[in-house]
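In what follows, chain A forms one complex with chain B and a second complex with chain C.
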Partner chain A sequence: MKKIKKQNVAGLLEKWQKEFTVFVPSKASGVLQMAAWDGENLSFLERNRNTAIPPKANFLPTMQKMFGFRKEEGGYVLEPTDEDPPKQLLFGIHPCDARAISIIDMVFKDAYEDKYYLSRRQNTVLVGMACTSPYDNCFCTSLGFGPADATDVDIMLTDIGDSFLLEQVTDKGKGVLAGAKDLVEATQADEKKAKEVKESAKAAVSTKIDTKEISKRLPLVFDDKKFWEEIAAKCVSCGICTFLCPTCYCFDISDEMLRDGSGGARYRNWDCCSFAVYTKMPAENPREEKWRRVRQKVYHKYAFYPELFGVIGCTGCGRCIRQCPVNWDITQTLNSLPEGTAAKAEEKQKTS
Partner chain B sequence: MTISDISHRKRFLAQGNVYLPHIAVIEKIIDETPTVKTFHFNFKDEKLRKEFTFESGQFGEYSILGVGEATFCISSSPTRLDPLECAVARVGKVTNALHRLGVGAEIGFRGPFGNSFPLDYMEGKNLVFVAGGIGLAPLRSLIWNVLDNRAKYGNVDIVYGARTPRDLCFKYDLEAWEKDSSVNMTTTVDREVPDWTGNVGFVPAVTEKVAPSAKNAVAIVCGPPIMIRFTFPVLEKLGFTPPQMITTLEKRMKCGIGKCGRCNIGEIYVCRDGPVFSYEEIRNFSSDEV
Partner chain C sequence: MTEDLEQKLRDEVRTLLEKGKIEHVIGYGEGSLKFATTPIMISDQADVDRLVINPFIHNNLSVLLPEVSGKVAVVAKVCDARSIISLVQNKQVARENVFIIGVPCNGIVDVAKVEKLTGLDRDEIDAVTWKDDRLVVTFAGGSKEFSAPEVALDSCLDCDCSGFKEFDLVIGEITPVAANKELSRVRIKEMEAMTPAQRWEFWKNEFSRCIRCYACRQICPVCFCERCFVEETEPLWVSPLPRWQDNLIFQAVRMMHVAGRCTDCGECQRACPVNIPLGLLTGKMEDIVDELFDYRAGMDKDAAPLMAAYEPEEAEDLMR
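Moving on, here comes the complex of A and B:
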């Protein structure tokens, strides 16, 4: 195991900047999010709180040009974009968000490959930072991992005081560290310290949900309209819980035309199942009613995603709870499943 | 082969960056009804024109560049590949813009996407096609596919209805099937109107009257959701079991390939897992948002 002194991290970032656009947690825009490093500000090394906007935006931009087109005499000419996006390195990504990226990878690899997403993904190195200050409403430990889990990153850093302990998780991670100066062998004491930091972060995650058999228990209340109406009653369908969710990936596709009609472009934009218009058809709308949309949001994460990909589509980052304007708390919803659903699910499993 | 294999008949025929449309040219436009037009089109690219294949039931994402994309099935049969055809009802922004286009105009096409009707399951069986309004479009692809391989299938019954005689789509096909002695064709309209000498009544009721036998048969039903909902019970009364009934589902779609999220019914994505499903499968969906 290696370590690097905090004062030497800038040098490492400068080395990486030669090859990558280096993104770091930054509040320069007013909102804490991943932004290109300005080469100076290193406050993110000390202030280790998760970004408000999840790093999914680095792979699935809020608005992304899919292709341009020109109208010429012989007809339309398409102008493909983005075949080989610039290489990026995300520094300081938290384990929950790295896991979220692994989760949405499954959708973009499934059936037809999504080249826009996957090309960005391939051109990216993830340098994780063990979370040391979980929010009150974080609940990652209920989802089979923890705030210091290194599974989904290429390199993992853990704050051990004046240095970071540095784990080289993947070959990609080892590759970008080749020739890096200032890496020194970590001592046993360093590793012990890192372990303590990780343990205490894990212990600090106080919100819990019961995920046992959740994808089997949820279907038992699927048709309980009253249950869902009560939960949806205060929802204002603003969509913030999906836009800021690191595993929400739904998108819209729309065209823009130049005013003179000579050409334009097709874009994809983040979209959201909280909006009735999302599923609206000329004559029908399967999710016109709000309680159906709230139900969709919960089931997509906790029932449909496990059914399709074998993992829960939530990382417990808590953003949907922190940012909700009416204080909806998904953990309360999941913990308030009608009594007896666990027993019923067990019974159902036995009989099937 | 069991019916549960149907929705697993996924076909991933499209290649490369499947978000990039192929440019196609409109070669002919047929006014089907006051609100429906059929567009005959084919690709500008010679190679694609030669190599493009699809299966009955599959759909495409059609676009007018600068306006947007919309989802329609391919209404022609893969046994008749040139030109490709799609029937479009004028209902929204893209379809209205499409209706304003003339012969020679260029459109974008992505596809073919989705699964297809289970021809191998239908082989050797008697076939009952029940359609309403523009719901004939996907069935038409299948019907011509069957008629072009007539010896492989048993009896063919077609029940087709629309609100008024003016709303009947593909009148030239209806005529051809009337004349075809190997087809038992029944056309109906919802209410009596002057000069209409054919059947009168809603499609489910007329299907009950025609009373096709369920023995060694498969019924394929396509039309407005309300028609489908009332036709299944009629077919059940006639002895059809859920695996003997097939339909196509419609949902709002954008990507067509199971990513953009909106066409789900529970964990089923209509674009990726459908649009063709048996009633058996639909009955077992975990969600009621069909």
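Moving on, here comes the complex of A and C:
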């Protein structure tokens, strides 16, 4: 195991800047999000709080040109976008967000390979930072991992005081560290310290949900309109909880024509199942009513995603709770699912 | 003090429900976040004790009026009550169906301001309490004190509640302790002092962050259109893509649409997850409306809605 002194991290970032656009947690834009490092500010090395905008924006940008098109005799000619997928290195990504990226990877290479997402993904190095100051409504430990889990990153850093302990998790991670100066062997004391830091971070995650119980109860409550109406009553149907969710990946597609009609371009942008227009179709809207939309959001993460991919589509990052303007809290919903009767469960099993 | 008010509110609401004067109440309940409350809707007397009053009753609950039918009581700060009257003026709700319960809103704490002043996040703060007219913020390793105007909501600084007469019931006494007209206009004055080019650059920068989550629109009580212009596709008034120019157009048009019914309650700014200072726009707009038309939305339920009423003798012949 290696370590690097905090004062030497800038040198490492500068080395990486030669090959990558290095993104770090930054408030410079007015909101805490991953932003290109300015080469100076290193406050993110000390204040380790997760970003408001999740790093999914680095793979699924808020808007993205897919291709251009031009009218020619007999039809349209497609013009691939000339934008090469950027080579990015995300420094300081939290384990919950790295896990979230692994989770949405499954969607983007499932039925077909989404080259827009995957090309960015393949060109990106994730340098994780063990989360040492989880928010009070984080609940990652209930989802089978923890605030210092290194599974989904290429390199993992853990703050051990004046240095970071550095784990080289993947070959990609090892590759970008080749030739790096200032890496020194970590001592046993360093590793012990890192272990303590990780343990105390884990202990600091205080909000809990019981995923086993949830998976048992969810199938029984789908038709309980009254329950969902009550749960949804205060929701104002804005896009905050989904847009800021690191595992929400829905997008809309729209074409923009040039004024003279000679061509245009196709774009995609974030979309959201909380909006009533999301499912609006010419004949009907299956989720016109708010309670159906709120139910959809909960089921997508906690029922449909496990069914399709074998994993819960939530990492417990808590953004949807912290940022909600009415303090709608998914953990309260999940913890208040009515207990189904055994008979009801049996009946459900028969019909399914 | 707060407990007394809470008890009084609960007693009053219980009586109203008991006597059948109201069928529901929309009020504040304990939030799951620190220093937050959450909207609750109650129809049963047994639930009345869930109602709270504290310095964190931020939401303008009038936005939830469409959620209930029949006679409903709303726990309201002055700005929120003005929104209700604005909705009455615009025929979105019948005055006789809403029972407005005024609560003292002197000293509602803007948690975002406290976070900024202390450099701490909400969950890193241990306690936020009023000691007379000073706010004491306690955190690991110390405490800090702030004056009311430093930490009150912007709308409290701008408060002029003396003229508001539409409460059906008032719990406690409503006095604008944090009102500070000068302070409430500092940022607007800064914006006014900019050259057009600087102002353009300022808003370009702010709207570059917008992710088009529409929280500003959804949390707004007077954004009551059944179909928002941004959702129209034929014609496409504004692109759904979150380019800063389109974001700016969306917000500018939204502002024009709510001019004369917006009460500058501050909810759009509070809801914005990327911290766009929308209060600068609503504040300036309210000033313009007042200056040009001597009109303040939500003060007089019988006043015709500013932008939706027309008199034949008006100078403007657009409608003739």
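Descriptive notes on the structure:
Following the convention adopted for this analysis, the second predicted complex is superposed on the first by the 329 of 352 C-alpha atoms of A that agree within 3 Å, B and C clash if a C-alpha of one lies under 4 Å from a C-alpha of the other, contacts with A are read in each partner's own complex, and residues count from 1 in each chain.
In this text, a residue touches a chain if its C-beta (ideal position, glycine included) is under 8 Å from a C-beta of that chain, and two chains touch if they have at least 3 such contacts.
Everything quoted here is computed from the prediction, not taken from an experiment.
In the superposition on chain A, contact of A:Asp252 is made with both chain B and chain C. Look at A:Ala203: by the touch rule set out above, it reaches neither chain B nor chain C. In the superposition on chain A, A:Asp223 makes contact with chain B only, not with chain C. The wider contact with chain A, measured as residues touched, comes from B rather than the other of chain B and chain C.
Once chain A of one complex is fitted onto chain A of the other, the partner contacts of A:Tyr299 are limited to chain B, with no touch recorded for chain C. Looking at the shared chain after the overlay, A:Glu307 reaches chain B, while chain C stays out of its contact range. Contacts of A:Ala36 after superposition on the shared chain: neither chain B nor chain C is touched.
Once the two complexes are overlaid on the shared chain, A:Ala28 sits clear of chain B and of chain C alike.
Residues 252, 254, 256 of chain A lie at the contact with chain B in one complex and at the contact with chain C in the other.
For chain A in complex with chain C, the touching residues are 29-31, 49, 52-53, 62-63, 135-137, 233-234, 236-240, 243-244, 252, 254, 256, 267, 269-270, 272, 275, 277, 321-323, 325-329, 331-332. Contact residues on chain C toward chain A in their complex (touch as defined above): 31-34, 36-41, 59, 63-64, 67, 121-123, 205-206, 208-209, 211-215, 217-219, 231, 239-243, 267, 270-271, 273-276. Only residues 10, 12, 14, 17-21, 23, 25, 44, 63, 65-69, 91-92, 106, 108, 224-225, 250-252, 254-255, 257-267, 272, 286-290 of chain B touch chain A when the two sit together in their complex. By the touch rule above, chain A contacts chain B in their complex via residues 66-67, 69, 71, 75-76, 78, 80, 107-108, 110-112, 114-116, 219, 222-223, 249-257, 261, 263-264, 266, 271, 273, 278-284, 286-287, 292, 296, 299-300, 303-304, 307-308.
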